[in-house]
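Scrolling down, you'll hit the structures one after another.
Next come two complexes, and both contain chain A; in the first it sits with chain B, in the second with chain C.
Now for the complex of A and B:
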């Protein structure tokens, strides 16, 4: 259906799958992993990954090279991604859904704040300031078909909308599962 | 004349002789200088004409540029050194002194190398954690030529002649020669930047970390060039090294970030990150 994912050259570099002992090299390696995971998720429109499942997918398992990133290592990468750059991490490009279990994580190929900006731009661009939309419409509606947030994970959408609420740019109302949103 | 004068008169006589010799010397010197100056100005104007006539060629054709630079080198004119002297304010008119090359090529020739140099520095910094500060000249050329390092095309200096207003952005990868990269790196030398060119085996690299490779390290890197990767047993077998020696060299290379470790095979393998750059980005 969709075009196959184009792996970067690093993916065919065997040492890529072994944690590098040298700190600088390791840093470069983590950066490359982070950007690979992000572009993989973006390509597949995936907002969260389950590491246990993901380690069996081509993302972490290069069958041609017979190299893989095991669960422990994949966790280390996502852990690094979840830290801010000040903490020596990858700029909060991931977030554990359950911090203690570390099995599922959000992968922020766009962070909720970035999604919020995109939503605002779209609302302004289509002259829908002041109008009321349902969250379902935003995600599944025909009018958002061409938008990158079309088909988005509902939780991510709500998080992004909540950021707009905090900024005073939107208001969410309605029962859970049937939320509506008004943009200011 | 050769007879030494006697008496008091001899003193003033000698004085006179010295003076006349001095004047004669000065005369000779000045004619000499004058003729040299004429020669130089003739030569400069010829070079000027030549450079003007071929300026677009110099800038667009890497082979021609290399030849031109080589020619300048043999006659003792360093295009870089000559154009290094940049006026304090860039908007200096033509002929207002300043650098010879700035006059000829409208400040474009030196800018060209400086732009390349800036891109090379950027690329080296960007990839330092990946390759330990060692990057192949060829890879560097490809990447810099693509113009990936800094945004899009660079602006052409406002004081450039309109005839040579060739925008950098329009340059294609094949218009940049490895020679240009080398020249650009050399132009960084006066800054004490620590950028140098090292040759390993048949390949030239830019070293952006001021650290020497010892012979053993160079040998191993050369082996990796040929074989793709090395392991301790491969080194022992091929180079007849003792285990400790092989391990030490590899550990050093690893510590410098010059090789990456793959521990998922039967034996630890060490790979060079050089190929990573090849077509990434």
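Now for the complex of A and C:
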């Protein structure tokens, strides 16, 4: 968090902020935007962005060039990111939290499946299979301090754990807000 | 128009003040303009009033002459039958003096037809001795025994032809002027006229009849008793200046209703040409096609009394008093006159152009018939005919125009236009295409091309485009190209997008090596600099429209990308898709 975010060189390329009419150019433009947004969120440990707030951040606003991506364009980029590659999108690297409003979006710099894999790896690596952990422990516990999922958004954590439940590798129990997880 | 010196206006006698001037022939008139004081002593006669023209060669001291015979008047005011309200005596006197001049037929010339109206004549019926008038259409020169003669008004018996003829001839001779120097005329006639002159001023203004001596009321034109015409005596023999012609006022010329001939004496030559041209003009009858310009009224009407426009043989027009223009109304009227005059001049000049065009059409038609006659059947050889025709048109040095060719040969017109255009474009002297950087929009070309035609025979936009589309088919060294936006441009056939892109890339490469003048917030050595359509147009000498299209073409090919900003549309080297993916973070994992 202390180191400032390193913008890619394209960020200083003025045409980067203009939607390109050429399909090929547009595609690479969107890809570059997608990777920029993902790296920006990972750098800031953000799992969701509010577009209305984000267009004022340096992510979408290059003060040096006096260029910005307006809300409509930013929405178009996130829209593209939310689609799978088969649909001509950016590989589901984003997901609208409210599909109709399109104001908030998950930015999947790691998708829930990827998080699930990381969790399984960590559980096995630390020999905690069969033990019971609370979700709070997973996110805020001292044990996970060194892990990437430390400080993770609770909703994202629950989505990842639910994937593990479907795979039959974990079980969630307890009341809402005080869930416990047992890894198998 | 002909110019020559010396013209006689009159029949036998030289007319005073009309002895030195120029004769002009126009398509509508014969004019005489005096050398001295032309405003006063100038006359004209409309060609449509002319009956015939005779030429008379010069002999010894006699100059060559042209005698012009006007057509006979349909209605004569001094005709006793029509003159119901007879004019005052003085007026009648003047009329008759004029008439005597006009009717002064030369006895040694047999053209009695020059006096074709023996209307005043009477013939005595041999049966009942009633004096009948000779019919007005009776012409002693042409009449024969077969001519229809009306019967006697009293007894209804048809008169013998000789009686009427004699009466007509005797009346005609009796009306000869009683001038001492004239050809010997019958003494009897002289007596009558002299007695006329003596009686003309009768007591109390009354007029005695020359036949029955009844003293008539002065306002009567015919004798109340016997119906004889009451002629005022010819009194115009008093003053002579330099020619034994009667001196008369200018106003009398204005009233010359019955001037039977006009003689132009060509003292300085030119009679032959004038005669030929005049005859030609009479045959051509150009006045039928177009109204003559109005007789110019002299600017100061007051200074030329009675000679405004009335000297021509037609009925005397009252000289229109030119209203004195004051203030804005006057200015407006003057402007109106100037516009009318301009219209006239322009109309005349365009008439000439149309005549030229008409002859061009004829030439083309001739070429067509020649081509057909030279063995080409129309079915298989319409294309060949077109080819021959276009060749001949080219040989004549004619620029292809639509009017030249009939509407049926549309394709011919278009192909000719296409060739014209290609030649126009590739002409090294003009260097149209080079100057435009090898590419120009069709609209620009259209403008330049039509401008070079000096505003005549312009090519229509649709024809122009069709012709341009023919270039490829005709294998001409220029091509029409349609940009994505629909803009049509003209370029050389060997021009290609790759060449353009190569040029653009060279340019951008240059920009990446040279630091920009002002510090820029981006990495210029990586991204280079933006280029605009204006800059590209300036650098490659394209028009701006063409430059914009070429840049978009390069963008379409993925070479460039765009930046829309407050400075407008700018183009950059497409760093986004063409640079190595050094900043793709998406594949990085921890």
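Heads up, the rule we're going with is that the second predicted complex is superposed on the first by the 183 of 184 C-alpha atoms of A that agree within 3 Å, B and C clash if a C-alpha of one lies under 4 Å from a C-alpha of the other, contacts with A are read in each partner's own complex, and residues count from 1 in each chain.
Just so it is clear, a residue touches a chain if its C-beta (ideal position, glycine included) is under 8 Å from a C-beta of that chain, and two chains touch if they have at least 3 such contacts.
These figures come from a predicted structure and were not determined experimentally.
J.: Between chain B and chain C, positioned on chain A by superposition, is the outcome a clash or a fit?
T.: They clash.
J.: In the superposed arrangement, does A:126 touch chain B (first), chain C (second), both or neither?
T.: Neither partner.
J.: Regarding the shared-chain residue A:9, is it in contact with chain B (first), chain C (second), both, or neither?
T.: A:9 contacts both chain B and chain C.
J.: A:178 in the overlay: touching chain B, chain C, both, or neither? Say first, second, both or neither.
T.: In the superposition, A:178 contacts neither chain B nor chain C.
J.: Regarding the shared-chain residue A:57, is it in contact with chain B (first), chain C (second), both, or neither?
T.: After superposition on chain A, A:57 lies in contact with neither partner.
J.: Between chain B and chain C, which makes contact with more of the residues in chain A?
T.: C
J.: Who does A:36 touch here: chain B (first), chain C (second), both, or neither?
T.: second
J.: In the superposed arrangement, which partner chain does A:93 touch: chain B (first), chain C (second), both, or neither?
T.: A:93: touches chain C, not chain B.
J.: Superposition on A: which chain B stretch among 9-17, 27-35, 63-71 or 243-251 collides with chain C?
T.: For chain B, the listed stretch overlapping chain C after superposition is 243-251.
J.: Residues on chain A in contact with chain B in one complex and with chain C in the other?
T.: Residues common to the chain A contacts of chain C and of chain B are 8-10, 13-18, 20-22, 24-25, 27-29, 67, listed in rising order.
J.: Given the complex with chain C, which residues does chain A contribute to the contact?
T.: 8-10, 12-18, 20-22, 24-25, 27-29, 31-32, 34-36, 38-39, 64-65, 67, 93, 148
J.: Where on chain A is chain B touching in the complex?
T.: 8-10, 13-18, 20-22, 24-25, 27-29, 66-68
J.: Quick one: which bits of chain C touch chain A in the complex? Just the residue numbers, please.
T.: It is residues 521-523, 526-527, 530, 555-556, 558, 561-565, 570, 572, 574-577, 582-586, 588, 590 of chain C that touch chain A.
J.: In their complex, what parts of chain B are in touch with chain A?
T.: Answer in residue numbers: 128-130, 132, 229, 254-257, 260-265, 269-271, 273, 275-276, 278-280.
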